[in-house]
Structure formats: structure tokens, C-alpha cells
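I have placed the structure first, in the form of C-alpha cells, so that the comments after it can refer back to it.
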Amino acid sequence: MSPRSLILDTLARLLYPMMLLAAVVILLRGHNEPGGGFIGGMVAVSATALLAVARGTDGALRALPLPPLPLAAGGVLLGLLSGVPALLLGHGYMTHLWATLPLGFTEFAVSTVLLFDIGVFFAVWGALGGLCAEAIGLDEEAGA
Amino acid sequence: MKLLTVFSLLLRFLLEVAKSGLATAWLILRPGVRPTPGLVRMRYAGLSDTGVALLGCMITLTPGTTVIDIDNQRRELLIHLLDDSDPAAVVANVRRSFETPLRRLFPAGDQA
Amino acid sequence: MNALLATVVVTGTLLALALAMARLLRGPSQADRVVALDVVFSASVAMAAAAALATGRVLFLDVAVGLAVVGFVAAIVWARLIDKSPEDPR
Amino acid sequence: MSWVFALALFAAIAAGVFLALSRNLLRCVIGVSIVGSAINLYLFAAGRLGATAPPLVPAGTERLLEGAANPLPQALVLTAIVIGFALTCFSLVLALAIKQRTGSADTDTLRHAEPPEGADGKPTPLNDRED
Amino acid sequence: MTMLGFVLAGAGVLLLVIAALGLFLLPDALSRQHAATKSGTLALGLLLIGAALVAGDPGWWIRVALILVFLLLTLPVASHLLARAAARHAYTREQLREARDPEIDR
Amino acid sequence: MDAFLLIAPVIVPLGTALLTALLAARPRAAQALSLLGAIALLGCALALTVRVIRDGTLRGSFGGWDAPFGIEFAADPLGASMVLITALMGVACLLFQRSDADPAPERPTLHPLIHALLAGVGGAFATADIFNLYVWFEVMLLASLGLLALGLGRRHLDATLKYFVLNALGTLLFLAGIAGLYGLTGHLNFAALEIAGAGVEPARLLPAAALVALAFLVKAGGFPLFAWLPASYHTLPAPVLALFAGLLTKVGVYAVLRLVGDVFDLDAVAYALLGWIAVATMVAGVLGAAFHWDIRRILAFHIVSQIGYMLLGIALHSPVATVGTVFYILHHIIVKANLFLIAAMVWRLTGSYDLRHIGGLWKTRPWLGVLFLIPALSLVGIPPLSGFWAKFIVVREALAQGQAWWAAAALLVGFLTLYSMMKIWFEAFWKKHPQAAWTPPTGTRLGPAWAATLGLAALTLAIGLYPEPLYRFAERAALMMAGAP
Amino acid sequence: MFALALGQLGREADALAFVVPWIPSLGIDLAFRLDGLSLLFVLLISGIGTMVLIYAGGYMAGMAQRERLFALLLLFMVAMLGCTTSDNLLLLFGFWELTSLTSFLLVGFKHEYESARKSAQQALMVTAGGGLVLLAGFILLGQAAGTYTISELVTNAEAWRDDPLVKPALICLFVGAFTKSAQLPFHFWLPNAMAAPTPVSAYLHSATMVKLGVYLLARLDPAFDGVAMWHDVLVTIGAITAAWSMLLTLRERDLKRILAWSTVSALGTLVMLIGLPDGDAAAAVAAFLLTHALYKAPLFFVAGNIDHCTGTRNIDHLAGLARAMPWTAAAAALAAVSMAGMPFSLGFVAKELIKISKSEAGVFAWVSYSGVFVNVIAVAVASVAAIRVFWHRGGAPVPEEIREAGWAMRLPPVLIAALGLVFGLWTGLLDPLLGAAAQAIHPALTTMPASLGLEDTEALQAIALAVLLGIVVFVLWDRIHHLLERLMQPLDRLGAQAWYGRLLLAIPALAGILTRALQSGRLSRYTLLCLGFVIAPVALALALPGAFALPAMQAPSLALVGASALLIVASIAACLVRDAFVMLLVSGFVGLGSALAFLFLQAPDLAFTQFAVEVAFVVVIASILLRLRHLGLSAHDDSPALPRAVVAFATAGVLTALLLAATAGPLDSTVPDTLAALSVPEAHGRNVVNVILVDFRAVDTLGEIAVVALAFAGTLPLFALLRRRKEKAA
């Protein structure tokens, strides 16, 4: 039997971006529908795990926007910093600020809440994605 | 032209899925005789990697058949059959329903 | 109608779940167990649909979408485990 | 609350604790994880069961529906699930590392930090220079 | 329309149960895999379409479509890998290499 | 500014942790940033404490959602002083890390984990929300697990496992207790719980409150729930060990104090039980210390023993006793961390932590002996060192309440503490080094170690020689917990 | 200091006081007060201290760690001065402990010898241990009296003397004072402390520190005047100690130890005198205190000189040293005269005893007989020190090379001993000092009783008798010694010293038993104990009346029944299966069951999260299992299941009962209702759960993601380890 599965390779290439897209959609909808940064992050983690099975740990980690530990740290940092603007304006920490961007045809609400949720997303993706990928890597050579 | 092929492929695929789904259900519930599973090889030609991967998917999605391996060197699919009573018919069906349209959509050398 | 259908779906799904659970515990091979897990996965999606039907709230279906997006990864990883395992305990 | 749910809680906690008390490394670690899952349900149940709608404000309104679930425990449980999972991941990798490093999965023979006393009944000096 | 939905969904549930039964009625893991993954998916498709018809909510359709697309994309991977793994244990290396080709060894 | 000071115990160390993690590729920069972050935290903590001393308790809720709806942080004198001492420990231990006395291996995750630990401790001290407390407990737990496992040796892994299982179960029991309290009162905020708890029948409140308190006792290392502590601490490198020894159990004690000394007034039986637990803790700890020969293990058992005194203060359940507990916690953090650090210097000079393998230091390094005696005698409770006042207040209150047995146990344990400190003194300082050819090694880099330990010893002496300000401060904390504005 | 104190002597009896607030919150001031008693001690401490420092200069000449000895001696002097001038119990206690500590360091000065360490340990354990008891006594006393200020305490004694706390306080005080002053049964440490260098023995263990207990008792004596327990205990213990320790001198061969036992005896006499209720006894205390210091310090110096010059202190090997060491011999002779009670002081004490035996015959009659015995042996000891060692011609011949020590070691003994003689001849010189001291001990005393005159024939007779018998004992010393050695050997096993040895063995033994039980190193035992102990009190609390209640039970939906059943089955299965693979698979079903439950309990976000987490869980466990397959692992445990099952069921039962009880009443839903109401208008989100997570309780979530990141950071080194190992294996 061939060592690698062509079906897995091909579909992983297709599914990875789709899953990430789904993850982002879940992240953005989270404030009003089921979902949010954590669940979105978990979907992204599954995508990374899929890629780790298909292409190996290093391949999956390379596909992350940053190496996993900086990604996770950056996510937490983003979440942490999203509360800071309020401090500068004299509000309590984590007082979220809202603004609406007029886009002509519609309005788009931007807020530090979204930043926070994105921070959660990256933290989960970086940490658990890295963890799953590393775990899958535990047996890469030994099993082959 | 391609769009039409895609559309007909999709339709045929869904039909196959429904048809063999019922067949499998019957196979399970049919009293008395147990099906004999088996392995068959099926050569393929004129398909790109993506094409053969898609072919594999379709075969797998069709109840009763599962692709176990795609051998790129020997250009062969290894298929597991739930009911091994008429393998030739199964292979012929696959060639007719899936391989031909896919060859048109993903010819060899056209690496998608 | 919704509620009735939900009950039907739940009943059937629970039956399927019970059967899958039994196979999962009995094995005998690891592949058998993972196959049973696949039924559990399908049953979970069905359960989410049933929840949506029962409450009339489509948002429960979002859970089903999420499951469809991520659930297969579990099956893939189990399959990889069996694939690479040195021997079958059978 | 319903009896069957209470029974399920009981069973999950009991199973988790039973496993956590085991000498087998893997059972022990998984036991803690199961207790974690059970306590999540437990925390959820403290916010009362029996809701008829999820805690989402329907579009166009500003209030939850009558009979909507208590959102607070749900948020707490979500946090707890995530934390529990992080802990489970760590512990599983730890268990693997222990098995790999010491070759044993029996926690009672795992005495590297607290080696058994020597013949004189005094504590054995620790080996600080190990690899 | 509701009736049709009910029938479709009912059939889906039935098929799901049959898939689960297949876990017991079929002889080995490889065969059971056919029942579980494929009949299971088909069952889900029927069930979801039927339920969407019954619910009559436009919100259902987009989600059902999404679910089905993902199922169709992911199922073959899972099923194929599972079968591949099971086959490695069920058959010898020779059996796998020298399986018959019905078009040649007729 | 107040809003920042309140959250600073969390975001300053957490931010430092994250930035040092991002700087993992440049270890020197990460080290510098780490120390800088600790100093910044100390600055913030000082500012917070000054602010609290001047203007009283500082409260603030996050996100603009007032308590009990949002999460509230409250810096009363107790909380602020705990934060201050946490920051101080951070600076001392990171300074010590620069020496070559058993430093922690400079792995990329070391500084992030240390600062995350500080963040968890800071959050636990600052928060006024019981679920939020759970979260900070978990931050502490994960950070400490990471630090324990960092050594990767067999003993480290063994220690990590024991620490993990017992602490994780403790935290889960705590969570179950939170569920019970929430189910009864509908609240998570301390102040709201206090009000709501007063409205619940005492008999119904007791089981949940007891569960939470007992879960805290696991964290605090109360009898017989302390096994994780002596099983794991001694596997840590010195600066991290000092940080653990100083801070972690005290968070548990602090939590018990908050819960049964501030938020809830439980049935007298509960306090009596706690008192006997405290006595058993003292005795079991000090006997454990008497049994062992590894300095770190001796000192680890002494943590347990000293926790007993703090618990005794809580069990006595009066403002004066609370003063004693607060005094005890603050004193003990400084002293115990210092002892572990000095032990590391002993290790550097003699080559072992095991008393049977070392000696000769009084002859060759008398000033180290003097330095050791300060925290050691303070731990015993010799006047006029800080430990004496702590012990004195607790014992006096026990006698005032007619708890003669508790007071007697406290004094007896002081006697046994003296016994085991003397053991260290004899074996490490007075006895000849068992290797006849031994001389203290040259080329050591102990400057930072001396700086850190001398600083802590000076603090011990200062508190001991002039305890009045700290007493006043602790008194204010206690009165505030008893309900004064 | 000595000069300063002498200056004070000129003033009248008014006490000199000095108070600075220290810890007003605790009622502790830096209060010092110098009255007659203090003054006597200050003079002793500073005077003898100066001599000791001079002596030590010679004794330690050219030896290592000289500076340390001086530093410690000076520190000790400060502590002693502090002790005797403090007017606050706790301040006194601080200095008290400092004397114990410096004494510890001085006794163990030759710390490389194990015997020195043992003696130091003994000294510290006894004195500091007693100190802790003393602390309790002080606290109780402070509580009874309402103040820690000694002068106030003494003045107001009438007001609090009958407080119920006084009795326990007294017992604690006794223990503290007796340990310090080596009274029975804590007497054994003092002779052992002779391991210290001689200047130390002379200073601490004869002249000053050991008298602290006496000082404290004397200081508090006026407060307890008339308390029966006070008099009874002090007189009894003091007299027994005085007699018993004198008997023990006869068992010794080491000159320093002989002197040490006689010191213990003298301390006993002092304690007894304090216990006597009348004013003359107070005067006797003051007089004897001074006398003893003036003869015992020189005798120790003598012993030190002998040791220094001959290398031994064993009286069997010492004889006829007078020619080689004339100065030392002279000092010994002068001191011995004083010790034997020839001129005045001891006679004074004798007179006192005789008076008592007359006036209170029956109660304290036996005291006077023991007093005679003590005097007899004192004469014998004095003779040994002054005659046997220097003039006796038996034994080995004195080696030629033995020479007298330097001037620094010759002068102090001679000077001090001579001073004793001077005071003996002109007793009036001391009257102001001793009078003031006696008055501090016994305020009612207005005039110093006349020193012993030759007209008091009864006393003279007593002294003559003592001298006579003493000489007999001296002559028969060796025979008595062997006899006692034989007779008392069996008693040793019952003695305090033996019990101390047993305590030293018992501590580690008990520690071993307890620690092995509690800290067994076995995780499963830890967990069992821990859970059992947490659950038991909660179970008790739930069993109290009114604690438990049942909530209203509803019929669950079919789906919830299914989810619950799944949970139950998975739980049971997880416990029963033996294969690691199946166990991990099944354990995932607990999470799955929860997810299904959440789905039907109106918690879509939770169900979603739980499902997603299950997938990641599977990824991790499958990867781990794959690695474990190569390591070979079952999830099988054949240790007895019963205790585990009991604790598991108890834990689950108690927790479930707790939950049922907690949810029995209605829930105060103000918080969630408010959050839900604020969610859309204020926080702009419809999913209230998510709004809570990212806004209302965002700080929780911040901690949560920190935990997740930490879990990863924590596992990274473990992954590195696992990879490294694999490479090694490959």
C-alpha cells in the first residue's frame, strides 16, 4: 500500500481553508449566535490537526500564521491589550468601546470586544493547535 | 460544456449514493444470506492526481464500495466491496458513472 | 408536528447510539470500535437536528454544522492510530 | 432537576474518582479528567435545569424569552470546560512522558521524587545529578 | 410538503438505525464500516432535508446545505482512512498487493 | 489611575509573561525584560499599597459592569499587602536567578511561566469574585505545573504528577463548592455572597462553605491534605522553589481567611474543627521536618507546619486573631523564601542539599551562618524577629480564648522547629565537611544571591525590630474584614 | 558600664526608669528600670564580664575564631544587661531568649567536636524550650494583670493575684525559670555545658546567665508574696536541687563539672531562699548572689588555668600544682575560703536557715538539714579545688614543663577572689547595694539585717560543724565517689538526663512513623486520604438537621434520559475496561454525554464547545495511545478496589446530595437577569453567554486563555523530551 493517502492529501488541501473560513465565521457571529472566539478557535485547531495528519506536524505548524507559542502568546496579549484603551480613557479595565464604520451601503460595528474575541481565537488556535500538532508528531517517524 | 459535465456528474453521483444506500440497507437487513466482502483492483488512466482523488472520494461515498488505496505508481485503485458477488459490474459502473466524466474534467497532466 | 418528529428522531438516534455503544464496548477489533464511533458522530448530528426541531430554534442546527466541520477529524485520527498500531489485540 | 440526571452526575463523579484513585497512571489521569467533566455538568445544574429556550435574545427584541436558560452558569461552565481541557492535555502528555522516562505506569512504584527509605530507616538522599 | 418531510426524515432515522444494526449484522470491521459511515451519512442527509421541510424555516436550508457539503467532503476521507487502517489488519500484505482485477482475471 | 492599579497585579505580570514568550528567540532580552517586569510590578504594588493605606479599600469592577454583575477586584489592606509581597518575591527570586546557586534552567518558557505564576497569585489576591478566584487558581496551577515539569528529570515528572493530581482534584472540589454556593445564593461576588449568605439558613450554607474551605485547605497544605507539597517542592530549582514556597500555599490560606474570616460566619463547630486541623498540620509538618535530611525537604515540611499557625489564627476567628494570621502570612512569605534561597547558597558552597553530605560552613563562611540564623530563628519565633510577633499574637489570642491546648501545641511546635533548625545548623555549619579535602569552591557567582537574601533578611529584621506599623496595618485589614468601613 | 553602675550606687534607692513606646498596639514598650536588684545584677554582669574579657584575651591568645568569641561574649553581656533592666515582660523575654542563643553558640564554640554540639543542643533545647513555656506564662500573667509592665504588675499585685489564670501562669513561670537556672528536673544541662571554653563557663554558667531564673523569681517575688504555691514550690524544688546536685558533685572527676554541680546547688539555695516568705531571706538572696559570683568565677578561672597548662581537668591526674602555678593556687585558696563559708556570707545563709527551722518547725524543718548537708559538701568541694589539686602530693608527679599562664589569666581570678575577701572583712561596704537589692525583692524590708556577727553562736556552731564534716568528706572523697558511683548507676536510667536522651531519640522516631504514614510517596494513598478527608466533614455538615432538602423533581425529556444513560454507561464502562484504548475511547463518551445533555438543556454554546473539545481530546489521546502502543501499557489496576470504590461512592454521593440541597430552593436570578437585560442595549450582543464571556466577565476569559496558553507552554518541554528520546532510540 502506498505510504500516504492521496485522498487525504487532496482533500486536506481543500478542507483546511474551508475549515478556517468556517472558524472565522463562527468567531464573528459569536456575539449574536452560538459561537465565539473559543469555538472558532477550536474549529481552527481541528483544521490544524487535520493538516498535521495529512502533512506532518511541521507542515501543520508552518501553515499557522505564526509559530504556535508566539501565536498563543500574541492572542492572549491581544486579549489583554483590548482592555487597555479603556484605561487610557479613564474607564475600568476591559470596558469595551464601540464604534460604527459607515460603509455607505451598511454600517459595520467595530469594537474592542471583537479584538478580545480575536485574541481568544488566536490564543486557542496557537496553544491547542500547537498541542494537537505536536501530539500527532509524537509518532511520526516511529510509526513509519 | 464542462459545467454540463459537472452537473451531470453530480446528479449521477447523488443517484448512485441513494441507489446503493438502499442496496446496502437491504444487504444488512436481508434475512439469511450474509454478504461476502472482498477486495478488487481497478486500473485508472488519464486522470490527474486531483481527479483520481475525487474518483476515490466518489467511490468511497457510494455505499458498498470503499477505496482502500490509490497506488500512484501502478495507477491502480484498491477497492473494498461489501458484496463481492459481482465485482465486474461494480467496476464497470464506476467507470461509466464517475471515471469517464472525471477524465474530461481532470485530464492527466493538468495538475489542479 | 415538529415535536412529534423530534421524538421520532430522538428515539431512533438513541437506539442507534445504544447499538453503537454496545459495539464499541464489545470490539473486538479497534477498527470495530472506531466504526462504532462514526455512528455516534452521525447520531450526534441527528441529535442536534432533533434539538432544533424540538425547540423550533434553528440555532441548534449551528451545532450540527460545527460538528460536521470538525467531527471527521476525530475519525481520521483514530484511523491513523489503528493504521499505525503494531498489532491488533484481537 | 430530575432523578436520572442526578444519577448521571453521581455516576460520572463516582467513576472519575474511582479511576483517579487508581495506581495505574493512565486511569488516574483520565479519572481526574472525568471528574472535571462531571463537575462541569454539576456547575451547570447549580444554575437550575428546566429551561425551555436558550439564552439568546431573539432578533428584534431586547429581552430573553420567558423560560430562557440561565446564561451565567453556562458562561462559567464554558470557561471551566476550556480550563479542564487544557489541564487534561497537559496531564496526558505528562503521563506519556512519565511512562517513557521511567518505564513504569504504576504510580505506587513512581518514587523518584520521594525515594523509599534506606536500610537505616532514614530518607535516601535524592539524586540531584540525574542526567 | 410537511408530510414529505416527515417521510424523508423518518426514512433517515430508520436508515440510521439500520446503519447501527449493521454494526452487528455485518461480519467484520471493514464491512461494518460501509454501513456505518455511508449509510449513516445518507441517513443524515435524508433526515436533515426532511426536517428542513417540516420546520419550514428558511434558516434551515442554508445550514442543511452547509452540513451536507461538509459531510460529503469529509466523509470519504474518514471512511477511506478507516477502511485503509482496518484492511491493514484484516488482510496480509500479499492479499492487498495481489487483489484480483475483475477486468483482467475474469 | 486607580483602575490601572487595581488590575496591575494581573496585567503587568501577564503582559511580561507574554512579551517574554514572544522574545523566546532572544534569551538575553527576555531575561532583562523579565526582571524589568518584576520591578514594574513591584512599583505598581507599592503605589497600590500606598493608595490603600492613604485612602482605604480600593474597589473597581471591570468592563464598567458594577458588582455584583461584573467581576470586581478589591484591594483592601490585606489584598494590597499580599500583592506587594508577591511582587517583592518576584523581584527577589529573579534577582537570585542571576546567581549560580541552583538557578532554574534558562529554557524559553521559564520566564513566561514565572510571570504567569505571579499573575495568577496577584489575581487571586486581588479578586473579589469567587469564580474569578477559581480562574486564577487554575492559572497558578498550570504555571506551577509547567515550572515543575521544566526539569524533565524522573523526579521532576514524579513530582509534577503528584502535584497535578492532588491540586487538580482540590480545584475541582472548589468548583463543586462554587456550584453549591451559587445554587444557594445566586451570587459569586464576595460582598454579595456575604449579604446573601447571611440570609441563608446557617445549616444549609454550611456544607457548601465547608466544601470550599476544605478545597482551599488542599491548596493551603492543611492536614492531611498537604501530601502534594513535600512530594514536589524539593525537586524545583532554588529561585522557583522560593517563589512556590513563599506564595502558593499562602494563596490557599488567604482564600480560607477570606471565606471563613470575611465572607461567611460559619457555625462554631467549623472553627473548632479548623483549629484542630491547624494543630494537626503544625505537628505533622514539624515532625516531617524532623524526619528528613535534605534541607529542601525539611524546609518544605516547615511550610506545612507554619501553615498550621496561620490556620490556627483563622480558626480563632476574631479580629485580633486575624491580625495574627495576616502578620503570620506576610512574615512567613519573606522568611521561608529566604531560607530556601540560603539553602541554595549552601548547596553552591558545599555541593549538596543533603545534611549528611555537607558541613564546615561556620568555619569558612561565618556570615552565611549569620544570614541563615536570621530567617531560621525568625521561623522558630525567637524575639525580636518577625516570627516571634506572629507567633505571639496567635498564641496570646488562643490563650485569651481559653484554647490552652492549641496554644500549647503552638509552643511545642515552636520547640520542635527549633530542633530541626538546629539540625541544619549542626550539620551544615558546625560539623566538619565529611570530605576532608573540602574547601569552599572559588569562582562562584553569588553576588545576586547575597543581594536577594540580605534584602529579605533585612526585611525580617525590620519587621521584628519595629513591628508596630505592620501590626497597625494588619489590624486595619482585620477590622475591615470584620465589617468596618 | 561597670563605672556607670557604680555611679548609680551613690544615689538613693529610687529606681531609674526609661520608657520609649515600641509596639503600643500590643502594650509592649521599650521600658527599662534600674532598681537595687537590677543594679546588683548589672554590677555583677559588667564587672565579672570585664574580667572575663581580659581572661579570654589570654585564654584564646593565638587561637582561631577569637573575634567571634569576643563578639559573642559582648552580645551576651548586652542581652544580660537588657534582661536585668527590662521593665516589660516581653522585652525581658526577648533578651532572655538572646541569652539562651548566645549561650548556645558559646557552648558549641568547639563545634567540630560532636560532644560540644550535643552539649550546645542540650543547653538550647532546655533553656529555649523552657523559654517557650515562660512565654506562655508571661502571656497568661499579662492577661491576668492587664499589663506587661513589670513594675505595674508588682504594684497592682493585690488586684489580680486571685485571677484563675495565675495558677497556670505560675506553673509556666516555674518551668521557664527552672530550666534557665538548672533546677530539678532540668538540672542536667549545666554540667554538660562545660564543653564551652572556660571563660564562657565562668561567665555564663556560674556568674550570670544561670542566675537569670533566680533574677526573674526574685523580681516577681513581691507580686506573689503570700501565694502558697509560690512558696511551696520554690522552697521544695530549690532545697532538693541544692542537696541533690551537691550529692552529684561527688560522682564527678572533672574539676569543671564538680564546680558546675556546686553551681546548680547554689542556684537551688537561691531559689529556696526566694521561696521563703520573710525579709531576711531576701537579704540572704542578695548577699549569697554576690558571694557566689565572687568565688565561683575565680574557681572556674582556676580550672581553666589548670586545663590550659596541664591539658587535663581530671582530679585524678592533678596534684601538687602549687609550685608550678602559685598565682592560680592563691586565687583558688582565696575563693575556697569564701566558698567554705568562713568569713561571713554563707554563714549568713546558715543563720537564716536555722532561724526558719526554729520558727516554722514542721513546715520547712527539713530545709535546714539539707542546708547543712549542702554546706558540708561545699566545704569539701572548696577543699578539692584549693587543696587537693595544688597541695596534695599523691598521684603523678607534676611534669617539669608546666608553667603558670600569662598575666591576663592570672590577674582576673586573683582580683575577683580577693574582692570577695575584702567584702568579707568590711561587710559594711556592701550594705547599700545589698540593702537596695533585698528591698526590691521584699519591699517591706526597711533595714538590712546585720551581717553575721561572732555573737551568733548558733550560726557559728553550724559553720563549724559543716567545716568539720566537710573535711571528713574531703578526706574520704575517693571512697565516697566509688560508693556513689556503684549505688547511683541504676538510678541513671530514671534520671532527667536519660529522659532527655529518650526525647532526642523519640522525636525522629515519632517523626518517622508519622511521616512514613502520611507522606508515603504513593500517589494513590495521598489521593484516597485527601478525598476522604475533604468529604467526611461535608458529609457531617449535610447530616446536620436542616442541611439537606430535595428540589422539585421534574420528568426529564427523552433526550435527557438518553444523554444521562449514555453518561452512566460510559462511566461504568470506563471503570471496568482493562484495555487502555477502550478506556480512553469510553472516557471520551463522558464528554459526549455532557455535550448531548447540554444540547437538550438549552445550552447550544456549551454543546458546541463540548463537541469541539471532544474532537481535540480524541486527537490528543489517539496520539498518546499511538506512542504508548510502542511502550506497552494497559489501563489495568489489580490493587484492592474496595477502598477506592467506597471513597468514590462517598464523594459522588456527598457532592450530589450537596447539589440537590443547594438547588432545593428558588434561585436568586438577579445577576443573570440583569446581564440578560443589559446584553443587547448596553453590550450589543444577542448571545448572552458570549457577551458574558467577552464583556461582563471578560477577566475570567482572559485568565482562561492564559491557562490554555500556559498548558501549551508547559507541555512544550515534555514534547521536546519525548522527541529527544525517540531520536536517541532510533
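Order of writing sets the labels: A, B, C, D, E, F and G. Residues in every chain begin at 1.
Note that in this section contacts are C-beta pairs under 8 Å (C-beta built on N, C-alpha and C of every residue); 3 or more make two chains touch, one makes a residue touch a chain.
Labels paired with UniProt names: A = Multicomponent Na+:H+ antiporter subunit B; B = Multisubunit Na+/H+ antiporter MnhE subunit; C = Multicomponent Na+:H+ antiporter subunit F; D = Multicomponent Na+:H+ antiporter subunit C; E = Multicomponent Na+:H+ antiporter subunit G; F = Multicomponent Na+:H+ antiporter subunit D.
Quick caveat, the model's predicted, so the values are computed rather than measured.
Of all chains present, the one whose mean CA position sits nearest the global mean of protein CA atoms is F.
Taking the mean of C-alpha positions as each chain's centre, the chain lying farthest from the centre of subunit B is G.
A count of C-beta contacts for the chain pairs B-E and A-G puts A-G on top.
Centroids built from CA atoms put subunit G at 89 Å from subunit B.
In this assembly, the C-alpha centroid of subunit E lies 58 Å from the C-alpha centroid of subunit F. Subunit C and subunit F have centres, each the mean of its CA atoms, that are 48 Å apart.
One finds 45 Å separating the Cα centroids of subunit B and subunit D. Chain contacts: subunit B has residues 56-57, 60, 67-69, 78 touching two or more partner chains.
In subunit G, the positions touching at least two other chains are 512, 519, 521, 523, 527, 531, 565, 602, 604-605, 608-609, 612-613, 615-616, 619-620, 623-624, 626-627, 630, 655, 659, 662-663, 667, 669, 671, 675, 686-687, 693, 695-702, 704, 706-716, 718-719, 721-722.
Residue numbers of subunit E whose C-beta contacts span two or more other chains: 19, 21, 30, 33, 41, 70, 74-77, 79-81, 84, 88, 96.
Chains touching one another, given as pairs, are A-B, A-C, A-D, A-E, A-F, A-G, B-E, C-D, C-E, C-G, D-F, D-G, F-G. Taken in their complex, subunit D has these residues touching subunit A: 54, 56, 78, 82, 85-86, 89, 93, 96.
Residues 52-54, 56 of subunit D are the ones touching subunit C in the complex.
Residue ranges of subunit G in contact with subunit D, taken from their complex: 512, 516, 519, 521-524, 527-528, 531, 551-556, 560-561, 563-565, 567-568, 571-572, 574-575, 580, 583-584, 587, 590-591, 593-594, 597-598, 601-606, 609-610, 613, 616-617, 620-621, 624, 627-628, 631, 633-637, 639, 641, 643-645, 647-649, 651-653, 655-656, 659-660, 662-663, 667, 669, 671-672, 675-677, 679-681, 686-689, 692-693, 696-697, 700-701, 704, 707-708, 710-712, 714-715, 718-719, 721-722, 725. If you check the complex, the residues on subunit G that touch subunit F are 22-26, 65, 68, 90, 93-94, 97-98, 101, 108, 111-112, 117, 121, 124-125, 128-129, 132-133, 135-136, 139-140, 142-143, 168, 507-508, 510-512, 514-515, 518-519, 521, 523, 526-527, 529-531, 533-534, 537-538, 541-542, 544-547, 549, 655, 658-659, 661-663, 665, 667-671, 674-675, 678, 695-700, 702-704, 706-707, 709-711, 713-714, 716-718, 721. Those residues of subunit E whose C-beta lies close enough to touch subunit A in the complex are 70, 73-74, 76-77, 80-81, 84, 88, 96.
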